[in-house]
Every structure is written in structure tokens, then in C-alpha cells.
Amino acid sequence: MKFADFRRKLAQYWYRFSQNKASIAGLIITVTIVLVTILAPYVTPYPEHAGVFVDFRNTFKPPSSANWFGTDQVGRDIFTRSIFGYRFSLIMAGTVLGIAVPLGVVLGLVSGYFGGWIESLIMRLTDIVLALPPLAMAIAVSAVLGSDLGNTMIALAMIWWTWYARLVHGMVVSLRNEEYVEAAQIMGASKLHIMFREILPNCAPAILVKTTLDAAFVIELSAGLSFLGLGVRPPEPALGTMVAEGARYLPANWWMTVFPALAILVLIFGLNWLADGLRDVLDVDL
Amino acid sequence: MHRTGWVLTFLLLTLLVGTLSVGAQKNIVTMSLNQGIGTIDPAKVTDWTEAMVMVNLYDSLVTPKPDGTMAGLIAREWEISPDGLEYVFKLHRGIKFHDGTELKAEDVKFSLERVLALKQGYSWLWADIVKEVVVHDDYTVAFILKEPFSPFLSTLPWLAIVNKDQVLANKKPGNFGEYGDYGQEWLLNNDAGSGAYMFKSWTRGNEIVFTKFDDYFLGWREGAIDEVRAKEIPPGNDATVIAEMRTGALTIADHYRSLETYAQIERLPNASVKTALSGEALYLKINTKKPPMDNVHVRRAISYAFDYQTFIEQIDPGAKQLRGPIPDTIAGHNPNAKMYTQDLAKAREELAKSGYRPGQLTINLCYVDGFELEERLALLFQANMAQIGINVVLQPETWGRITDLAANVETTPHLTAVFSAANYPDPDNYLFTAYHSSAAGTWMSMEWLQDPEIDRLIERSRVEVDPVKRNELFYEIQDRLTDLATDIFIYALPKRYGMQNYLHGFEFVPVMSFEYDFHKMYIKR
Amino acid sequence: MQYILFLLRRAAHSILVLLGLSIIIFIISRVMPGDPARMALGPYATQEQVAALRQEMGLDLPLWTQYVRYMSNLVQGQFGKSLISERDVRLDLAHHLPATLELIMMTMFWVVVIGIPLGALSAVKKDTAFDNLTRGFSFTAVVIPGFLVGIGFQLLFGYWLDWFPITGRLSPGTVVTQKITGLYLIDALILRDWHLFFDALKHILLPSLALSMAGIGQVIRITRSSMLEIETQDHVQVVRSYGVPNLLVTFKYILKPAFIPTLNILGLLSASLLGNAFLVESVFSWPGVAKYGVNAMLQKDINGLVGVVLLIGLGFLLANLIVDMIIGLLDPRIRLKGEAE
Amino acid sequence: MTLTYKQLLEIKDLTVDFDRFGGKARVLNRVNLAVAKGEKVGVVGETGCGKSVTMKAVMNLLPTRRVTVGGSIFYKGRDLLTLDRFARRQITGKEVVMIFQDPMTSLNPVFTIGQQMEDIIGYNLAGAKRGLRLPKRLRQEAREQAARFLAAVKLADPERILNSYPFQLSGGMRQRVLIALALANQPDLIIADEPGTALDVTTQAQILELMDQLVQERGIALLMITHNLGVVRETTDRVYVMYAGTVVETAATDALFAEPLHPYTKGLLDSVPKLHGQGLSAGIEGSVPDYLQMNPGCRFYPRCPQALPKCEFEPPEPRSISENHMVSCHLIG
């Protein structure tokens, strides 16, 4: 594809994407949150509240101009901690999917393309893993390996790849008999070439959309885990933990729960809207 | 379309019926439990929740009074031999077990033997102390000790008397010869006691129910409580406790709730909070064998760096800082022991003496996951230590895991927040189990002190019968321990209880769970 | 006959999956840090007692011997004793299962009773305000995590409006006179104990609705889209072209084939439902299996953990088997040919 | 103009607009078409030229939202577009029926042939006073009738067929079922949308022959949509050629094949030897244009090899060349 064509295509995609207000909102939300999270130390009013900090004179302050979201049980600014809390969510999503997506895609490609016992092995493995609810599995592994972020992420990645293996496997099976793949085979292209250059690009839109959706899902899951107190060590802020801690002080100190919960929702909604937009543009049916 | 209509009707109906209240005729008391009940077998009881069940289902020879001294319960009177080796108890006549048979001396003997054979629960209190139990007649029983053990009487509330015949009638095959499994399986779901209440049902992980035993030998007063329901509400769900205290669904909010919760209960028109200075104390136990905490200067440095003032003023207002390991409510407390206060200059000086530089040390602090008070303490500690350049890693763990970590000196964290259990109102309760070498390897002894001099002093205090001499020994031990800075002695816990105003007769007793004696309570509206 | 073969094939597949699951769980349960023997004996146990229990549990044996033991026990349906409650794990599970079962069944009830009609109506009324509203609701319901919905419900209906209790299965004072199934709603119906019925209903309403939100959303979405897809298919146009009444076309010729993808989703849903149950049970202090599982995990109760995970796996596979059965009944291609599309 | 109907079906200036996000698309532009009693008429054109939309408009199968229908469709002199839903159902589905293109997808996969035929025949037997449930008697009667017509389309063992699910039948058998269904209501007009295209050539030939014969026997008018010119030539009396939502030419079949006038028709016929139910690649360059950006003049202008300057802006009016021959083109006349 020529560069000009590519640009035109991109412009077309953008046009279609921009037609939907929710997609645009999703994109803006996601990008803003990612930026704000990266720049958290500069954009939050009390960056020190995300670390080792206590101020027992200012506990349980309701929302005010000084503390937009109020303060918590040791006097920390909830707004600041919510922004920093996004870090946990985003790192979690990034790492889990960063491991799971490539792994699942490669295994899916291999099993779909080679077939035979490799296919049976990989697909049976996915069957087994998929029989377990991911959250239950994640709770089991992180309870077992200790409340360690790294362990939890590895555990989740070990479950998550199966979805991508399934997805890609299905597409490869339907694609491998397509004419252009056969043509490439006849022309003597290597298996690697066919898998990665001929088949993979056709799966890319579906993978992209699923990854976006799953980012939201992993964030939801990480919130669930941290809600149960798994995966984070205090004083590191995590939105799920903040919700759980706040829930102890309901209903009087509602802001401790409500704002972190809203923060989770905003990000999850943003990602889902973004995924919806991408789905329309890329014409993916998931 | 029809279906949605149905659903809406159904929902509406549910809402209507849902708002109708539920009436009750009996005097039912509901209390919250912050943690589950593992067992109701009195020989296996360890946690406060289990102890609460034991106190109500079973009777013991003696029972603690509010001032910490012992009153007879099923024992009418007792005599102690001058050498402190023999305790003879005379029992009340006509005490009935729940199955109607009479409680006799033989049951007392059997109960102790059972505890010692099973080696669980509180068996450690008597394992190396009691030589034998002799039944003189149906109503006279004697305990013969191996060596004098001054606090022996104070430990006896923990010996619940079980119905020997009933237990043996329900035994299953097991490892205890003629006693089979000692009725272990049966006692998991039944009681064999003579206590004021009878076991009714237990939904594991949810609720335990017991009902009034009409033939209780102490009789019943007007307004007595007919049924007790204790339901598990985890620490994360304090909001539920508040809501149910407001609606009246809960009669008693247990003493392990967050301070905010009690503050809110206090604001309710129908309920109030009772506070008592307990014998229970909070320590940060320092693993004195694990570098860098093996260095006494480091220990003193952190003792000086901690902000006790903020803790007792802001975190648990109205509390009192602990002076040494023994709370001042216990006779034998040394009022002149050293008390550390925050002094950053001294802390830095001690740190310098230790040879470590600021910024060089990273230590971990372990506390019970989700325990809000300990978490606030941990965050405060972390912030304080940062001021003198010690980095603290917080390690929230479940209580079960902490007891596991305590088994080895290697796995025991640098610091662990632990509430001492007020098992019996005697200094020995605080000293032997924590600092004596032979007691090492449990959550009570996470200091791993193993100091021969301390060992020797504790041993002497246990066999000393003269109260004055005992006190002198206790004073010396307390001075040594504060000097060694084996713990950060934080405070004696003011226990708070949320209660409906119609509940009367509650009395604080400085032994774990004995304040939850529902026989003493009554309802008057 | 083909149908039975098809079901047998699916069942055999499920058994294979369970076997694999048991291996994974074995591995996980053996790498747990912390000594289950010590945890079981409680804080006052001595080292000798711990060693003795370790031996009794076979924790000192080589790993493969442990595996052989473990598998042979599993095949006999034995999970061993729970280290915490000291009871047979099966007893513990049986004890906690009814609560979870009741919650899940109630949840499924909402999913089907709310999700399918809303999805169908929204397809019939495509592009109307009702459709847009329903789609917005379905998106929101899918996206919001169940435990946040739960907390929201507690806040709204529990604390502020004070309509429903926030935790537990029954009010204090409500007595189950006779345990038949352990599902209070059903027991109450059998016993005609209306007080019990409405008390149980009042308690289960919020948790089951919170748990069902994601499912309702998904079912609305899939029912709507598959109905719209089938709507455009030739066979629907054919019956329409012959003037068969619209309602009949919608509720017979469109809804029945549209059920198949919906059912498939319901099967898949059961996995996420069981997962979310962990959080929702925790939020509402619902004394179910998930709560027992979290406890078992935190307390390193190996046997309990194995039991819970296998039970959940089994539940998931069973749910899918039931779904396969129903799909088989709906879809003659499976019933008669043993083949899916 | 009221007719004492000469034509069985007469479509007058039928216009259909689709509402798209990008604007209004005029999918049919003033289509005129007539079928006389017992007549066999063909409609040809590329995929997407509006043949199917025309038929769906007749059968009232167009979606009701975002679609505007203008003009009139007279059936036996009554304008279908002015009738209410119920009156209209007395005609379409009963007197006018349609056979869909693909027998593989035209039967509901999860109901037996019998269930489907019973419903369809039964509701037509029931007439106006039908509820949602068919009375048992009617159902029985419908089933008997279904069996009769299955036999009429030369399907052996009708009982077995009635109890079968579609997937248990071959393509040819399903097509026969659909024909039986069409005949069962004893209609006056059958609209056939590319019948048998999805089947293999031999089966298709058999089916067409059967249909031809059955229609002939019963004096039913046939309106056949196809892009297969061979089929048109063999079966029909008259042909309409459609392009991009307009009728560009109409004539008796023989006349059209002998002397095509419109450049599009010419192209269409030129491509015949190379045509196998595919496109028109050899005959005419390009493909059907985007309905959203339709040329304001002659719709064929962008692809017309002989286009005049005025073709770009001025739409051509239909002109009569001879009694039965009409053409819309600036080149003619």
C-alpha cells in the first residue's frame, strides 16, 4: 500500500470514527487519563499523599476546594490518590495484555496454521483454563503467591492468553484456505511469512478491538482484586482498595467510596466507548 | 411485553412486602462477630469468638470478676495448700448439664484430661503444670501441680467442664484408645456443657445461635435473654454494623470495629457505646534476632521515633500509652518503668550509635489485613520512620498467615502489630508467653528474645508464692524489657462496645470474651 | 440417538477439562507458601504437633507420590478434611453450596426474565427511544463491575432508602423450620412459609440483581442483535410475505432461532458469574461457596481450596452441558445430526 | 385514473427513498411495470439495480422505518399502497406470492417443513378472523393441503417431507417445497426472485421447467427477476431492463433480443456469451454507481459508451418505439 493510500484510508477511518460522539468521548477520556496518570506528580495537588504520608488532623474531610474528593482515614487527599490509583490499573492492564496478547496470538497462529496435535494440545489447554472464572483464578493465584503485583499480573496473563489463542485460531482456520493464502503457499512463501505477513494482518483489527475491550476488563478485574486486598501493598493507592476501605465508612463518609468508584467507572466507560468506536470503524464483529 | 409487565408487578410486590417489618416475641439478642468461628469444641477454643461461645455454653470452676480476681462458679469454695502445689475445689450440688444429668467431680477430671490429650486450644496453660487430678468424692476434686504456679487459679476459667458420659456416648473411633476420638467429631456440631445457653445451630461462615437453658443452676432473672444470635460481619462491612444498629437488627456491635463506627453508633438515638480500659495491649513486636533489629540501638531508635502522642490523641482518642509490657490495670504493673516518647534527636542519636546510616535500612511491618486500626498505626509508623531515614515496607497478612510466620525466626517479620490476648489477669500472662525462651515460635513470642536472664527471672516469678516478692521480680523484668526495647509498647486498648439502650447488665471483665456473658444481661425497654 | 451421542461427547470433553483442571489446581496448591499443617493447628501448636500433622497429611512425601494420592482420592470423590473446620470438605461445600446456588439461580432468573424480553422488545422497536434507552442500559450494565453495582445498591436501597437489608440471607429471628433443599426461597414455597419466603426474597434481591447486571446487559445485547440478524434472513421474509401475523413471526419464527446464541452466551456467562460471585458475596456477606473459597485461599486450606475450585469448574461445565442440552432441543440440526452450525 | 383492470399488476411511477446517514438515497426512481393475467414477465439487470426492492415494495417487505415509498402499485385495479395492513394482506401472500432466491435460506432451520407450511397455509385459510392460535381443524386442513401441493411439485412421500427439517432435504427438494408453498394459496401472480440460481445447472433447469409447467396449467401470471438472460429468453413473454433504480427499456422478449435499443441493454446482451450468472464485466465498464451520489441526469451516464453532453444533467423520458417497446434514452428519438 502506498503512503498516500494509507493516509487516505486513515482519514476515512478517522471520519467514520469521529461520526460517533461516544467513540470520541472514549478516546478523549482514555488519552486524558493516560496522560494525567503519567504526569500525576505534576498535575495533582498533593503528590506526596500517594506515598508515605499521614495527617491525622485532617481525616475524613468532606469534599472541599482544598480536597476535591475529600480526605481519607489518615488524612490523605482522595483526588490525588485516585489519580495515582490509575497507575496501578494501567500498569496492570498494560503488563497483563502485554504478555497475554503476543503469547495468545502466536499460539493461536501456530495452532491454527499447523493443526494436528499442536492444535489439539493448545486448544485443550485453552478449554481447561477457560473453565475457570478468571477472577477466581486470579484470587487463587495471588492468594497463593502472596499479595504481590508481579505475581498477580503473571497469573492473569497466564489465563488471558487463551482468549487470544481462541480468537486467532478461529480466524486462521477460516483464513488458511483463502485464495491469497493458497497463492502465497504456491509461490513458495515461508510458513513464518504466511503466518505473520499474510494471515496476521487480517486478524489485526479483531485483536485491536479485543485488546481495548480487555484493557477495560483487566482494569475491572484489578479493581476487584484490590477490592479484596490482593495485589497492592499500602500505602500504594489502588482504586479498588480505596473503594473497599471507603465502604467501611459508609454511608457517613460516602466520598471515600463514591469518588474512587467513579474514577474506575470513567476509565472503564472510556475504554469501552473507544472499543465500540474501533469496532464500527474496523468492522469487527466480536 | 407480557413478561416485562409481570416482572414489574413482581418487583413492586416485593418492594411492598419488603418494607413490612419483622416482629419477634422472644427476647433475642444479635451480636456481630468480626471474624468467623473455627470450632465450638471447648478444648480447641483460641479466638475471642470461640471463647465467647464457650463462655455461654459451658461453665468453669471459677470465673473472673470485673476487678480481675476470681469468683467461684461451679466451685462453691476452694483451698490452696501452703506450698502452692494442691488446689482442692468443692462443687455446687445439683448443677445440671443440658441433657439433664448432674455435673460431678468426675466430669472436671475428664475435662482437663481431654484438653491435655488433644493438645489444642488452651492446653498449653496446663500442659507442663498439672501433675494429676484427683476425685475425692462426687463434689470434691483436687488438682496436683508439678511445681508451684502462682497464676494457676486465674487460668481456670479456660477449663470448660464437659459432660463426660455424653461425650463418651458419642465418641467415634480415633487415636485415643478407649476414648476413641474423644468425641471430637460430635463436639464440632453439639455442645456437652452446663452453661446458661444451649447450642442451637451454626451456619459456618455466617451465624451461630444458642438458646436459654431453662434449668441453669444460677436461675434466671426477669427480662432474661432467650436467644443469642452471633453473626459474622467482616471488618470491611462496618457500614452494615452501623446500619443494623440503627434499625435494631443488631443488639451488640463487637469490640473490633473501627473508631468511626463507634462514633456513628454513639450518635444513634437508640444505642450507645460502652468503653472499658481492658487488659489487652497493643505492641509492635520486634524480631530481636533478625538484622538490623538485633541491634538494640536500632530498636531504641524506632522506639524514640514513633509518634505515640498522635496515636493516642488522634487515632484512638482517650487511650493511654503503655508503660512497659504490662497494662496498668493489672496488679504487678511497674509504674516507674521507662516510657519512650517521640524524640527525633534521640532517635537519630541511637541510630548513629547502631552504625547504620539513615536511608540504609529497610524493615517490614506486618499487621492484620483489613484491620483498620492496625493499618492506621502502620501508616503512621511508616511516616514516622521516614523522618529518621528508615524505610518501612508494610505487609498486611491474614491472622492465620501471621501465626504461621511466627513459627520460625527467619520468617518472623521485623515488626508485627499484635494485641496481647488477656487470657488471665496476671503479669505472667504478658511475660511468660512472650519472652520466655520455651514459649518461642508462636504469635505471642515474635520477639524471639531468648535472654537467659529474663528466662531466669520469669521462672522465679512463676514459682514465687509471696505476692510482694513476685511484684519485685515483675518490676525488674519490666525494667529490663523496656531497656532492651523488645517491642514498641503502644497502648492498652480501650475496648468499645456498641449496644442498644434496652440492653442492660453488661459488665466489663478483663479476660478475653468473659464480658460476653449473656446470663448477666437482660432486656428492659 | 445422535443427540445422546452429542451430549456424551460434550460430557466426555467436560471430564477431560476437569482432569486438566485438577492437575493445575494440584500444582497451585502445592506451591502455596505457608505451612497448611500449622495453619490448621492454630496459633498455640507446638513444632512436634505440626510435624505430626504434616506426616498425616502426606506433605512430607515426594510430589509425585502426593499427586497419586491426591488423584486417587479425587477419583473416589474425596477432598479430605478441611484444615479449618476439620470437617469433610464435601460437608463444608454442601453446607455453603445452597446459598450460592440460590444466588446464582436467582441471578439467572433475572438475566432471563429481564434480559430476553428487553432484548426482544428492543429489537422489535429498533431505533425508537425505547430501543436507545435499552441499549444504553445494556452497555452500562455490562460495563459497570458487579461489586460496584452492589455497593451502589447498598448505598441507595440499603442506607438511604432503607428498603432492603444489606447483608446476610435472613433477618435475625426468621427461622427455617425445616431444611429441605437449603434454598430458602424454595423451602419456603414447599413449606408455605410466607414470612420466610419474603424475608429470604428481601435479602436475595440486591445481591442477585447486582450479580445479574452484567448478564442482563449481555443478554439484551445478544438477543437484540441476533433477532435483528434473523429478522433480515430470507426465511423470515418468506413467512412475512405470506402474511403470517407479525406477532407470530416475531415470537415464533424469530425468537426461537435467536435463542440459540443467547443460550450460548448464558453458558459462557456462568463462568463470569461464578467469578463475580466472589466479589458480590463478599460485598453482601453472603455465606456461600465463593466466600468459603476466599477464606480457604487466605487460610491456606489446601483441601478446601481444591474442593471449591473443582466445584466451580464443575459448575461451569455443568452449566454449559445444560445449555448444550437445551440448544440441542431447540436446534434440530444438533438433535438429529449431532452437529452445530 | 381508474382502471377496469386490464393489467393484473400495474406499477406506476414507483419511487423508493432510503434514509441513510449520509442523506436520502433514491433507490427506485419512477418505475413503471405491468403484468397481465397469465402473462410471464421478466425483469433483468445487475445486482443492486433495484429489481428486488421493486418486488419487496409489492410484497410489502420493505422496512417501515427510514424508507419512503411513492407512486402506486395497482393490483386488480386497487392501489395496494393505499390499503391498510389487513386489506393488503388479503392480497399479498394470498393472491400475490413470492418465491425467494435461495432455497437454502428460505426455510426456517429450527421448524419442520410441516410446521411452516401449516402456519402459512393455515393463516391464509383462516382469512380475516385469525387469532394467534390456529384452530386444530384449520391446522389439519392446512396440512392436508400442504401434502397435496408437495405431491404436485413431484416430491415423493409428502408425509415424510412434512416431518423433515430443512437441513434434511437437498437444495432441489427445498426449492420444490417453496414452489409448493407458493402454489398452495392458489395465487394469481407469482413473483420469483432468481429461482434456482443457488442450485446446480441441471436441477435449476428441472425446477424452471416444473415451474413453467405448473404456472401454465393454472394460468398463473409469473413475474421473474433474474440476471440470467438465457432464462428470460426461454420462459418469458415480455422483459423489463432495469438499471440503477430505473426501467431503461421494455419490450416483448423476442423484440428485445432482436433489437436492443438502450446502450445498457446492448451491453447486457453483448456480455451474454461470457455471462454465467456473474456480472457484466465484459459488456460494460464499471459497476452500479453509489445511490447517494447519483448522476442528476441519466443514471447510466457515467458508464455509457455513447453519452451525449445533455445526458449528464437531463434525465431521459420514456419513449414508445412501438406498441410494446419503450425505452428511456436521449439517443433514441
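Each chain carries a letter (A, B, C and D) given by its place in the written order, and its residues are counted from 1.
Just so we're on the same page, a contact is a pair of C-beta atoms (placed from the backbone, for glycine too) under 8 Å apart; a residue touches a chain by one contact, two chains touch by 3 or more.
If you're wondering where the values come from, they're calculated on a predicted model, not measured in any experiment.
Trainee: Closest chain to the protein CA centroid?
Mentor: Per-chain C-alpha centroids ranked by distance to the global centroid put C first.
Trainee: Farthest from chain B in C-alpha centre terms, which chain would that be?
Mentor: Of all the other chains, the one whose centre lies farthest from chain B is D.
Trainee: Name whichever of A-C and C-D has more C-beta pairs touching across its two chains.
Mentor: A-C
Trainee: Any idea how many Å lie between the Cα centroids of chain C and chain D?
Mentor: 51
Trainee: Between chain B and chain D, tell me the centre distance in angstrom, where each centre is the average of that chain's C-alpha atoms.
Mentor: Measuring from centre to centre gives 88 Å for this pair.
Trainee: Taking the mean of the C-alpha atoms as each chain's centre, how many Å separate chain A from chain C?
Mentor: The mean C-alpha positions of chain A and chain C differ by 24 Å.
Trainee: Can you tell me which residues of chain B touch two or more of the remaining chains?
Mentor: Within chain B, the residues that touch at least two other chains are 236-237, 239, 243.
Trainee: Find every residue in chain D that makes contact with two or more other chains and list them.
Mentor: none
Trainee: Tell me, which residues of chain C touch at least two other chains?
Mentor: Where chain C meets two or more other chains at a single residue, that happens at 154, 159, 282, 298.
Trainee: Throw together a list of every chain pair that touches.
Mentor: The set of touching chain pairs is A-B, A-C, B-C, C-D.
Trainee: In their complex, what parts of chain C are in touch with chain D?
Mentor: Against chain D, chain C makes touches at 126-127, 233-245, 247-248, 252-253, 256-257, 260, 330-333, 336-337.
Trainee: So in the complex, which bits of chain C are touching chain B?
Mentor: Per the stated touch rule, the residues are 34-35, 38-39, 41-47, 49-50, 84-87, 92, 95-96, 113-114, 116-118, 121, 154, 158-159, 162-169, 171-174, 195, 198-199, 201-202, 205, 282, 285, 287, 291-292, 295, 298-300.
Trainee: Within their complex, state which residues of chain B touch chain A.
Mentor: Spelled out, the residues of chain B in touch with chain A are 235-239, 242-243, 258, 260-261, 264, 310, 314-315, 369-370, 372, 375-376, 378-380, 382-383, 386, 392-396.
Trainee: In the complex of these two chains, what residues of chain B are touching chain C?
Mentor: Checking each residue of chain B against chain C gives 1, 3-4, 6-7, 14-15, 17-20, 22, 24, 26, 28, 30, 36, 38-39, 44, 46, 119-124, 184, 188, 203-207, 229, 231-234, 236-237, 239-240, 243-244, 247, 249-250, 398, 400-401, 403-404, 406-407, 441-444.
Trainee: Spell out the part of chain C that touches chain A in their complex, as residue ranges.
Mentor: Contacts found on chain C: 13, 16-18, 20-21, 24, 28-29, 31-33, 139, 142-145, 147-148, 151-152, 154-155, 159-160, 271-276, 278-279, 282-283, 290, 293-294, 297-298, 305, 309, 312-313, 316-317.
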